[in-house]
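Okay, got some structures for you below.
Both complexes shown next keep chain A, but they swap its partner, so chain B is in the first and chain C is in the second.
Presenting the complex of A and B:
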């Protein structure tokens, strides 16, 4: 019920158009790249999907991160703007349940964006390369891996937005984290575990032994941020 | 029988005592007026009842349930309106109430009932952020009244309303205990504003409870202390001034 309520709260906030528009924009990145520079890519001997990921994923991941940041900010802005959060606090519902519902909606939204991006990549391969046997499985694996790596960013950004009453602060923190992530070298495993840096990783440029380590890292980070939010909610109540 | 009882309820900050050892006794089915000037601690007490603030010391029970153990059970019995309306500006009045209805698990008809009661039916589809101040106040009250909760906590509910609106809300509150079989705790900084509707009053100043009882008991007590009792508002103000003077002398 809480997820349904949280979804209803997003009415007229621009959340869905932002994700749909953002998804389309991100999906246009590989199409635009192929439209203008196809000769560079079609002659490469590497698998088509790897070529597309290597050429476009940094920009696409950046747009996805931006959507996560603004999505989380929009969600909590509606709570704080007209003091609705106080009304929610005075009703028999747990704030933790609201938080995890918001996190779930944000996760589903980013999966929808990834699905649009996957469709765009499929279109590029169909149009400029040729579809091959393992293509669908490889695409699913790549997008699934991207979705898994986005989870710590999703929960951390939802947490940041839940803490900041002023939306501009959470937006600013999110943007700073995004730019910090772009400065982190992808080859450094420890630094790459920074939640905002994880979505820049792709299945194609990660060693098979590292993939499992990244997934473990994602699990640990998600658990830690989830626990941290629960503790924060308890502490906030104590010190109000 | 008391539905709300506090026991030495205290809320202090590092350099400020907002509420000090307050013992309130609110009878079931009564309208209890919490009176005091700005900063007396009225809203702080109400916020503590709702779990929006944590007491520094002391305790309270609401309908036999103690805080913080039964916080969610307590909240399911209280309709509240604290420090002005709180709503989702991007949703219509009806959608705002629909969210509260779903959380409280009430029947669908409760939204239209409360919209009707607060005179908002005509404006139910309009966005809450586009409401006038008075309409936002009514929406906040509708959010408190939805589902006819057994306890209502209203913090200065007539703020921002025009004289007609004030009159309507006063009349509504006056008949709530009979109509909804509920107990009402209402705060105000003016005795004249609530003296026609309350059964009992509690007078707060600088976080301390100066008086608690019925209006007749207040009149009698004030008379014994030598205050004029012709106008209760003046008596109340004299009592506050006297308390402030004593505090000044102590300092």
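Presenting the complex of A and C:
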């Protein structure tokens, strides 16, 4: 019920076309890269997917992060813009269910974007390399890993947007976090756990023991942010 | 109402917007690692760049590539959205003020905010260079003239980009698209500066300038020069066209 409601609110904000367009744009990154510079990549001895991820993922992850930041901002902007939030408060709906519905919709949208990106990577492999047996499983694993690593960013960004009444502040905070993430060296494990830096990681340049640690980190961060948001909403309700 | 007092009014409107914090925090965060890793500046003999030049140029590159354009986008959101709540903009339009003037005043405020961030960047540079000098026992502070020249060039080259963002913000009513397109245009600027047609892409100008400056300082990296023609005429054309379009489009939806 709550999820349907949240989805309806988004109808006129251009949320879905924006995510679709963003997905297409980031899907174009590997295709464009292969179109213009295929000779650099085709002759490399490494697995095709690894080549594609190494060459394109930084840019694609950045576009995905932009989508997360803007999507979360817009979701709460519609609530705050004309004091719709106060009307929501008067309804018999919990604010937390409101929050988690938004988080759920944002997550599903990002998974859809990742699916578009996966399709484009598959197209690249089909067109410029050759399809091999384990290719589908490897692609699913890499994209699934990317989806898992995006979860802390999703919940944190939705939280930031829920806290800031003005869109430029939530947008600013999100962009600053992204900026910090771009400065973090990927080799430093502790710093890489910063939520906005996680989506830049790929399955291909992470050791197998590290992968498990990253997934644990994701679980802990998601739990902590979720709890913090619940407490924040409770406290805010008290002082309203 | 004179243009200057109109700018004064616009500045007053954003007094409590906390935008200065949004502009300041990334700059502080940018310079902290630069001070902590100041010793890495001594490892750049291979590129032929002096440590003090490297200290300046690395942080300015990080700034010009991502944070500076993104800040401009955030400022356009601020300028556009402050008056949307409670329909403040409609009240502005009901006053006997020309819409063009209002649009230009807001654009000037955008340029002022960019100046403010550049000044913050410069202040932090001198502060951090002084700290790094005392830690590393090496003179990192360059002559203010050189530093001012770099910052001034980045700023001037960013004006066409600012007009493009301002045009996006005024022409596209749905915020998700104006912000989304604005932010998405930052990403390919790294690719754009490596093409021959870079001057057709205003979002890469500041990054182009600073990259070229770095190659001038790093004698072993080869040249990465740019020609003023046809860049300057193209940049001016972008500025004028975008400003005219945004002035025409500004408030057209509300004014109906």
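Here is the rule we go by: the second predicted complex is superposed on the first by the 240 of 240 C-alpha atoms of A that agree within 3 Å, B and C clash if a C-alpha of one lies under 4 Å from a C-alpha of the other, contacts with A are read in each partner's own complex, and residues count from 1 in each chain.
Basically, a contact is a pair of C-beta atoms (placed from the backbone, for glycine too) under 8 Å apart; a residue touches a chain by one contact, two chains touch by 3 or more.
Being a predicted model, the structure only gives us computed values, none of them experimental.
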Which superposed partner A:192 touches (first chain B, second chain C, both, neither): neither
Which of chain B and chain C A:238 touches, first, second, both or neither: first
Partner chain(s) touched by A:66 [first = chain B, second = chain C, both, neither]: second
First (chain B), second (chain C), both or neither touched by A:13: both
Which of chain B and chain C A:81 touches, first, second, both or neither: both
Chain B versus chain C as contact partner of A:172, first or second or both or neither: second
Touched partner set for A:222, first chain B, second chain C, both or neither: neither
Touching partner for A:91 - first (chain B), second (chain C), both, neither: first
Per-residue touch tally on chain A - higher for chain B or for chain C: C
Common interface positions of chain A, toward chain B and toward chain C: 13, 81-82
Residues of chain A that touch chain C when the two form their complex: 13-15, 18, 21-22, 25, 59, 62-63, 66-67, 69-71, 73-74, 77, 81-82, 166-169, 171-173, 175-176, 178-180, 182-183
Residues of chain A touching chain B in the complex: 1, 4-5, 8-9, 11-13, 78, 81-87, 89-94, 237-240
For the chain B and chain A complex, residues of the former touching the latter: 47, 50-54, 72-73, 75-76, 78, 80, 82-91, 95, 98-100, 102-104, 127-129, 143
In the complex with chain A, residue positions of chain C that touch it: 17-19, 22, 25-26, 29-30, 33, 62, 66-67, 70-71, 73-75, 77-78, 81, 84-85, 174-177, 179-180, 183-184, 187
